[in-house]
Each structure stands twice: as C-alpha cells, then as structure tokens.
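Before I ask anything, here is the structure I am working with.
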Amino acid sequence: MMVIMQEGATEEQIAHVVARIEEIGAAAHISKGERVTLIGAIGDREELTGLPLEACPGVDRVVAILKPYKLVSREFRPADTVITVRDTKVGGGHFALIAGPCSVETPDQVLTAARAVKAAGGTMLRGGAFKPRTSPYAFQGLGVDGLKMMAAARDETGLPIVTEVMDPRDLDIVAGYADVLQVGARNMQNFLLLAELGKLNKPVLLKRGPSATIEELLMAAEYIVKEGNRDVILCERGIRTFETATRNTLDIAAVPIIKLASHLPILVDPSHATGRLDLVLPLSLSAVAAGADGVIVETHPNPEHALCDGPQSLPTEAFAEYAARVLELVAWTGKTTV
Amino acid sequence: MMVIMQEGATEEQIAHVVARIEEIGAAAHISKGERVTLIGAIGDREELTGLPLEACPGVDRVVAILKPYKLVSREFRPADTVITVRDTKVGGGHFALIAGPCSVETPDQVLTAARAVKAAGGTMLRGGAFKPRTSPYAFQGLGVDGLKMMAAARDETGLPIVTEVMDPRDLDIVAGYADVLQVGARNMQNFLLLAELGKLNKPVLLKRGPSATIEELLMAAEYIVKEGNRDVILCERGIRTFETATRNTLDIAAVPIIKLASHLPILVDPSHATGRLDLVLPLSLSAVAAGADGVIVETHPNPEHALCDGPQSLPTEAFAEYAARVLELVAWTGKTTV
Amino acid sequence: MMVIMQEGATEEQIAHVVARIEEIGAAAHISKGERVTLIGAIGDREELTGLPLEACPGVDRVVAILKPYKLVSREFRPADTVITVRDTKVGGGHFALIAGPCSVETPDQVLTAARAVKAAGGTMLRGGAFKPRTSPYAFQGLGVDGLKMMAAARDETGLPIVTEVMDPRDLDIVAGYADVLQVGARNMQNFLLLAELGKLNKPVLLKRGPSATIEELLMAAEYIVKEGNRDVILCERGIRTFETATRNTLDIAAVPIIKLASHLPILVDPSHATGRLDLVLPLSLSAVAAGADGVIVETHPNPEHALCDGPQSLPTEAFAEYAARVLELVAWTGKTTV
Amino acid sequence: MMVIMQEGATEEQIAHVVARIEEIGAAAHISKGERVTLIGAIGDREELTGLPLEACPGVDRVVAILKPYKLVSREFRPADTVITVRDTKVGGGHFALIAGPCSVETPDQVLTAARAVKAAGGTMLRGGAFKPRTSPYAFQGLGVDGLKMMAAARDETGLPIVTEVMDPRDLDIVAGYADVLQVGARNMQNFLLLAELGKLNKPVLLKRGPSATIEELLMAAEYIVKEGNRDVILCERGIRTFETATRNTLDIAAVPIIKLASHLPILVDPSHATGRLDLVLPLSLSAVAAGADGVIVETHPNPEHALCDGPQSLPTEAFAEYAARVLELVAWTGKTTV
C-alpha cells in the first residue's frame, strides 16, 4: 500500500501516518519528492486494507499495490481451473454451450427446449424456476415445480441443469435438483448468499452485476472460494452504460482480462447483455473469438408466448443452426465441447 | 402501450400483433403513417406488461405509456406521505437529520456518537450491525451485539435507531431492535427481502442501487408497499459513473424528480455518495436546497480508527457545527425537524 | 411522432397540442385511453423534430417514431456501401486491416512500420501528424512534416494512408496527402468539421465519441453524407463507463447493430478502446467474429520509446503473427482483404 | 510517478525501467516488497508524463503522483480568481446570474429576455448565435446577425453578453461582440480552439464535456491559461450516465471538488444538465448551496415557440420569481451579485 501525502503535508502528519502503519505491525518506508512525500506500507494485506489512512490529516490518496483478491488469481493458481459437471467440463479448453428458456413454464416447453439443445450439441440446460423481476407485477417463476420439470428434462436428455438460487433459505432445495447453481447479476454482491454457496460442494455460475467492475466480480468469487468451494464459473452479461440501443453493454474485454487475471472459467451471456435476438449470434461468435469458455443463451419453443424475456430468446427451431455456427468457431479456436 | 412496427412491416405482421393484444382482452388501435404503422394497446397494465410483443416479427419497438409503478406514485396519492418514527416524523415538511457511525464497534463509540447527534439537533441514530462488505477480508459487523449497543444508545438519548437488514433470515431479530429497517444499495433489487419487509409494520429506508434508475427505485418501493407496508423512505446515495473523483456520483436531480413523481419522502446520503469527508457539508446543503426530506451521514468519535468508512465520517466533535449549518438552511426552506 | 399527455391533461391542453401540430401542416390523431391521451403527429420529419412540444402544458413525453437519420440508413440504401481507397476496398465483404504508429515521429519509424504492415497483409497505413492530446504538455505531432513521412511510406509500400484532421483550417493540406481523412473521437460532434468533410471527394473515417450513442454516431455520419460525400467509414473505439480495467469499454454490440441499421462499413479500434497491448489480439478477433469490416490498430518499431500511446502498440516485429491470426478468422467469416 | 511492477518481475526488467527513468535525467528509487517491487521516479513532470513505462516488460501499472494540471490548481494560486466582466464580477464571493435564450431568434425575443433578466437582478445575458446541433436537420443559429441582436440588447440593458464560439475561424468576429466567449461541452477537448482562446484577452466560459472527468476539465482550462489568458470560468452542465429521467446527470459534487482543487470560478447550468424546466429552480438552489459561483439558465419569452431547447427554458414572465428565490439563497451563503 502506498500513501500519497498532500503537497504541503507537515512532518507531524507524516509521522502520524507512519505511526498508524507501525501500530498494526507493518513497515513504513518514507520517500520524499520535491513536492510530495510518499509512504509505502508493507505488511499483512488484510490488516493494511482495514486501515482507514485516508482519514488521517495530510493524506491525499492511498493506492493499493496488491490485488484485493488472492485465491481466484492467476498468480495463486497458474493453471486453468477445469470444472466437471456430470459428464461435461468447463474451462481449460473445454467449452460450455448452455441454453434453455428464461423461465420454466411447462414440462413440454422445457423438454422441447432440452431436446433441441441436446440435438444441436449443447452441453447444459438452463432454466429459471425462481425469478427475480424488476416489477412486482411480473411473473415470478414456478418454484419447486419448475425445478422438477428441469430434472425431468435432464433425466431424458442427460444434460446437466443450471438454475438460479436467490434466497439462502432455498439453497438446500435448489441444490437438491441443480447441477450448477446460478447467482444472478443482482445478487453478485449478496455476500451472505455467496458465503453459503462457498460451503457447498457444487459448481456455482456467478454473473457479473450490471454496475460491478471486473475486480469486484473477482472479489465476489473470492467470497465463495474462500469458504472452500473452488468450482466457480464466471459470467459476463453486460454492464450498465448510457447506450440505449441495447439493454446493457456487453463488456467483451472482460473475457481476455479475466483469462489473464484469474484461473476461473468465464462465460458470456449475449441474451441478457443486449436483450435483442438479432444480436445473439454475432455476439456469441465474438465471445468465442475473444476466448470465452462458453456461452449461455436463451431458447424457447415459442418466444412470442414466453412469460419472460421472449424478445431475446432464440426460437428452439433455429437453435441447431445457431449452435452449428458457434461450435464451428469453437473448433477453430482449438477448444472442444467434450 | 404503443407498438411501433418496422418500416416495411407486412399486413400479416400487423394483424398478428393485433391478435396477440386482443387475445388478452385488450383493445388495439391501428394508426398508419406514411412509413410506419403504430398499434396502440389499451387494457390491463399488468397483462400488457407481460406480453412480449417485441418478439413478434415486424415489431421495431414497444413504448410503455403508463408508468410501471402505481401505489407509490403522486397520481395515486397526491399528498406527501408523512412517516412517524417514535416521536419524530419524516416527509411533508418534516426533515430528518440522521447520523451515526458506519459500523457499531463498542458501546462507548455508539454512545458518544449518539450523544453528539442528539445534542446537535439530530433526529435519528444510524449504525450498522450487519455489514455488507465488498471484500471477504473486511470487518463484517458485530451482529446482535451491535443491535444491543444501538438500543442502549436509544434508551439514553431517545433517538430512534436506523440499521440495515441484509438477510431475510435476520428480519425478526433486527426488527426487534430497529425503529427503521434499512435496505442497503446492493439489496435494492433483492425482491425477496423487499416482499418480506412489505409484510412488517415498521418503516423501511430503501437506498437506491448504484446502477438503478429512479424508476427502478420506485418499482422497488412498490414491491414493499404492494405487500401492505406504506412507510417507505427513499434515499439517494450516488450512482456509478465514469467519474473517479468521488466513489459514486450523487444524482441530486433525483430529489426533485422523486418529489414530483412520488408521495414518499426522499433522503440524501452524502457520505456514501462521495466517500469524501470534505464534501459532506456542501452536499448536505445542496440536498436541503434541492428539497430533500432529510440527510443521513456518518459520524464517528475517532474516524481514523473506524473499522469501516473512516475517511468519510465526520468526527463527532465537528458534528455540532455541521448540524447547525444544515438546520439553518432547513429552516430557510420552511421545513422543520420537529 | 407520438405525444404522450400527462394523466389529468385537460381538453384545452390536448387541443393546444393538436393546434401546434396542425400549425406546421402536419396531421394529428388523438387516441384516448382510460388514463392517458396520446396524440400522433404525421408530417414532415424535420419540421416535426423542430417542434418543442415537451414545452406545452400537459405533455408528459414525446416519442420519436422515425429514426433521426436517413441517408445513412439501411432502409434508404439496402446494399452495403463499398468504399474504394486506391486499389483496396472497405465494406461489402472487403475487410480492411489498417495499422501503423499512433504518432509519426521519424521517416525511419514510419517506413519500418509500413513495411511490416505491408508484408503481413495489411491494407492501409495509419499514423498521426496532428495529434489531439488531453494534456497541453504532451507531444502534439509533427504536422506537415509528418504527412510527408507518411506519403513517402506510401510511395514505397503502396499502402493508402489514413490520418487525422482536427482543424477545418488544415483540411486542404491534410487532404493533399491523405487517402482517408480520420475524424477523431473527440471531434465526432464537431459539426463544422463534418460539414466541410462532406464537401470533399475523399473517404472519411469517423470515430465514435466516447460518450456518443450509436444513434448519434449515425447522425454525425449523416452530417457528412448530407453534404454529398457518401464515403464514410464508421469506427467503434470504446465508450466511457465506470470500468477502470480498460481505458474505455469496447461496445462490441455496436458492430452488428450498425450493420443492421446502416449500409456504411464499420471498423473496430481495439488499441484505443482498451489502451492495453495484451487485449489487442483477442479483441481484434472478437471484432472480426462480430462482423466488423476492418480493424485499425497501432504498431510501432519500438513501443517503449513511442512519443504517444506506446503501451498499447504492437511491436512491429510481432505484427506478422498478429495479422496472420486475424486474417485467418477473416477468411473464416467469408470476407477478403483483396 | 510510481511504477508498480508485476508480481514475478525479473531483476532485468526492474533494471530496465530504472534505466528508462534515468535516461531522461530523473531519479529512480526502488522499494522491494515481499511480492511486488515499486519504482518511484522523481524528476520533471512533463518529461515523466511522456515516458511510456507501461510498455516496458514486467510493469503492472504506473501511478501518477502529481496532478496533471498546474496553473489552474489551488496549490499554484491559493486565492480565488475574481474575473471582471464589464462592471460585474465572478468568483471570490461574487455570484453570476446569467440568463437568456438558448438561440437568438429575433431582436424582440432577445430584448424581451434581456429586460427581464436585468429587471430580476441577473448579471449577464446569454444567447447562442452559432449553434452546434446533434442533427444536421436542426436550426443552426443566425450567426453574425444574432451577435448584433445580442449587442443591441447589451446596449440597452448594460448586461455583458456570453455567447458560444465553435470554430477557430470565427474567433475574431465573435470576440468582437462578446464579453465572455463560451466553449460548448462538445468542444471542451477541441484543443486547437482552447489554445487560440488562450491568446485572447477576454474571459472564457468553459463547459465540462458530458464524458469528461473533473480532472480533464481542469486540464482543458490549463490549455487556455498556459497560453496567457487567466480568465477562465468553469461550468458544470451534467455528465452522461445510464439514468434516462434527465438528459444528463448533474454532478453537483463537481462544485465543491473544483473549489478545493482550483482557484477558478465554477458555475452550474441546470437547464442543459437536465433538459427539464421543472428541475431548474431546485437544481439552481442546490448549486448555490453547494458553493457555485453562479448559474447559467435559459429563459425565453415564448418557450413553446423556441427554435431550440424550448422544453427546458423558463418563460421570461416567470424569471423574476425564479431569480428572487435564487438570490435570496445567494445572500444566505454570504455571496453577492455586485
């Protein structure tokens, strides 16, 4: 940690900052420039992070030197994490093609979608049973009945299932059905939920919040891994910006940045990132080319009658053509879905 | 709801949209321009909102005509909501000056802060016992012990207490101590928590999420009010933008916009909005002048040793001077803290 | 144009809006809902755009129905615009690989870069002679001397040259050397410059401003085309968001959106979008996969000694490898650089 | 300047960075932590800024220690700059109330507005003769005829006039009429224009760009002051964010931040910041309370018929009431309009 003093900071103020650093057992190194004095602090990261040095008189800024996450960093574990979900894998050259309806609505709807996903070479089935909705008047999901429909579709197709858990109280029941537990974008900083998921022995799909930085996404993942669960799959799904042509702005650079900074797999969700069906294919291809370890998209047998997010769902009958193009590019990058 | 068809949409596509609208019992009005056809849909708001018309072929955009919230709107209830918290009031000319430490740390710390707040004319005491922290390595709060310290400070000073609840599982215990239950910015769209709070008979302080629009804040409030709890106090605390001089960007326009759109009281939190102590006074004054129904700020007997957010906390010894200036401007606006 | 009246708007207010619309020779259609009245206005687009109906009492919002640009739209000209620059082409299946140093510094530097670009299959040479710099203390470019060095490099390699013009007063001189005139991101809404460029008979490369929407980029292009110059090449180079891991956030969705909305070619500049060398290859591939008509990147014989933007420049010796990978993916998409 | 090396940077890489720093005559101080090495560079600010150390192998980040502006900083000149415009002053306790129409349209319109501004206690008249418009189809201003109408209004009322200059080629003619030359938000980083304005002996009103940081605004002001013109008035007019309830988001915190960082006066433009008439008064009051040195607002005798920005213009007949409330608060803050 580096403390940058204000121009004109007094000797007393400098001595005070040094004392605060030494108080917690860290070492302070003073470096005086012509106009500004710097104080480097070397010691335990967590202790230093907790020290509110900006509150000391004469301090201009405090610059962190070490990254605020550790276990999820590439430095900590140089090799890619490969996560096994039933008989499929994600990360380290294994590409996940995850698709399914936004909301589970009927057994038929889920099965139709699941068969199409399976037939086209998809590797997992997604579907929401507990739905967070911005409006209290919108459809909130089928709950446990939805989970059962997902499980039935898995039984027939063999596809592992990915579904969201929103409430720590539902964790056991959702984990009883799901193969991968999804944390929605709005819950990325629901730290209680993250800590509970860290105690499970089941992969977690953690979506980036719409106003979260990449660093904050990695810190949220750290919450889970710190509790013991190493199987975290990250997902870029768009951030909130001034652009209104899309629901969110897909931050495609997050993919290579996360591959450099972390060993965890990173997926892209082009459906939620943009909210527009006509962008799903080009952005899926763009994600593959950028190095993503998978994509997660919405497909529905009848998007016009979908209870949720119909406008961005691929019609199931068009899924095969979509998947073929995506998988052709996956092969070009040297990755595999096996 | 107004459906704007693409240029070149076919008669068949237009007829299909009309059919979808009529299917749910709403009326459709077609209006053909030289290049573009519009279809107005008149019917039940919730039914129409659930209809994914953007997914229909030939549709360019769907424009909502009615606002997505109802119970919290000024049209629904023209008079300001006034919320009583013990023997103090918020809204409709009653100004709340809420202050206290970010985190509750010791009985002494809370009491010292509470006495200073009371002496300076503050109307409520804030303090965190359950703390959401971006880093898993940061101090997470004292929990129930913290609540007890807050309650003891209330017993002595008479100040009602405001504290955050994060987990639906903690609701009963927190509600057992708190006078106002705070929903933190990260939980603004934790709809499960909102729905539970709606079933209580206790005021809720709902903070705007850093990437939430004003409309989404009002929809989150609607979640609570819809369940029966009308006592919602809104709070602007900064949104996330590209500017890095402050932690967040205080959206001061949210204050008059919310006063126009809703009957609920709206507070401003200048401490969290900016993360900078030197901005707390000017932004508090700016909030008062813009018409806010209160401010909520951090004060700590010893900010340099605070376990949380020290850099932005007013030293308790400076609180009286701060409060005097703020309350002088409150008086100028014609509001009162009684 | 659609006028949405406030709930409770009076008959008089409605009549007044209708009168204002009819005053300019347009037709007004009233549509009364249970709570809200809509007034559709049909007439000349430019006349209607100029009518400040939001200022009329009782008006809630005005919704534009037609797009604010015309000549650059796909509806106006369904086929892709193909722009010829000397013996190379951009758009309609022709991919442009444009590279070169940020700033022109010495004849040797430009020549070395130009030879590497040519050898690796690049199609144009970029280089700045007039540089806009955020700091008044930074290197401002060589001016005309720089243009001459670019021209010499073109003479040897045959690569057409792309360079920025910032000042309408320099237009003639820059146009005397350049094959493509670049409008920098900060000048995207310098409407005087755009109008002057519209009178030339030379292709323009128009970069998106960091806070411009896609719609505003298309309106800026309209300024040029309206004056008679149809040869506009658009360029996505990142928008300003809260994310600090990259200098800007590359809005990759802009590529397919612009392909749908306009017939003009769209390039991507991954160097300026992120400011990070380690992201240039993955984001170039991502641009190609998303459907971009070209990329424009920085390459420098000695990035560490570059006078501008060294950190994001590919070393010239690494350019061949970069280009090979990009061009392999271009071929996969079915595009060609010939 | 502080260079933060990557974890695992080699001795050779460290030596190389040190050599680059020493090459330009600066001093390098190495400080080795357990995991990361820091290299402090002390020397000439401009030389150091120009050194692209991020491009060196093994470098993680470069942190600037000194601020990138100098002449406009509070450290350089501790006392407030007071700018005299004819017989009125701005800065250092002098508050400017500047009002007038967005566009100059007719002699009558300008005169009516000017009389109302004068009568209500306004200190300057604003009005646009050269207008930058996002759409090429919108009204572009009256040019020199507009300037003459402004001058006539000044002759009658004595109010100094503020008007925008967009093109360096128009500088002489606009400066021949105007008392204060305004640089519009879109031109904040038109560095050629800034440099020319720096050579004049006339106050400049510099508006913050919608995607410019506060630091960038101060650097733009530095461009002007560096050329010799010290009379720069800054203006906050909203930044671009995801919130759509207002045209831009007024960054009210910019006011106290600029008062702390710079000696230059800072105004607020609530009309352009929000585009909404109903917010002009509350946001003007909020600006005064935050410490602004003035406000600049739009007033028009007939907003509904305004050729530009009618919806946000105060009707001239309402201006007196508006001004009375604003000036009452100005007096409360201890500032004066004399």
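Order of writing sets the chain letters: A, B, C and D. Residues in each chain are counted from 1.
By definition in this document, a residue touches a chain if its C-beta (ideal position, glycine included) is under 8 Å from a C-beta of that chain, and two chains touch if they have at least 3 such contacts.
What you see is a predicted model, and the numbers here were worked out from it, not measured in a lab.
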Exercise. Treat each pair of touching chains as one step and give the shortest count from subunit A to subunit C.
Key: 1
Quiz item: Which chain lies the greatest distance away from subunit B when centres are computed from Cα atoms alone?
Solution: C
Quiz item: When B-C is set beside B-D, which has more C-beta pairs in contact?
Solution: B-D
Quiz item: Between subunit C and subunit D, what's the gap in Å when you average each chain's C-alpha atoms?
Solution: 26
Quiz item: Using the average of all C-alpha atoms in each chain as its centre, how far is it in Å between subunit B and subunit C?
Solution: 39
Quiz prompt | Centre distance in Å when subunit B and subunit D are each reduced to the mean of their C-alpha atoms | solution = 31
Quiz item: Using the touch rule from the top of the page, what residues of subunit C touch 2 or more other chains?
Solution: 211, 240-242, 244
Quiz item: Taking the complex as given, what residues does subunit B use to touch subunit D?
Solution: 211, 213-215, 239, 241-246, 249-257, 260, 273-274, 278-279, 282-283, 285-291, 329, 332
Quiz item: In the complex formed with subunit C, which residues of subunit D make contact?
Solution: 20, 45-46, 49-50, 52, 54-56, 68, 132-139, 166-169, 186-187, 189-192, 195, 209-211, 216, 219, 222-223, 226, 240, 277, 303-307, 309-311, 313
Quiz item: If you look only at subunit D, which of its residues touch subunit A in the complex?
Solution: 2, 4, 7-8, 29, 31, 33-36, 38, 40, 42, 63, 65-66, 75, 240-242, 244
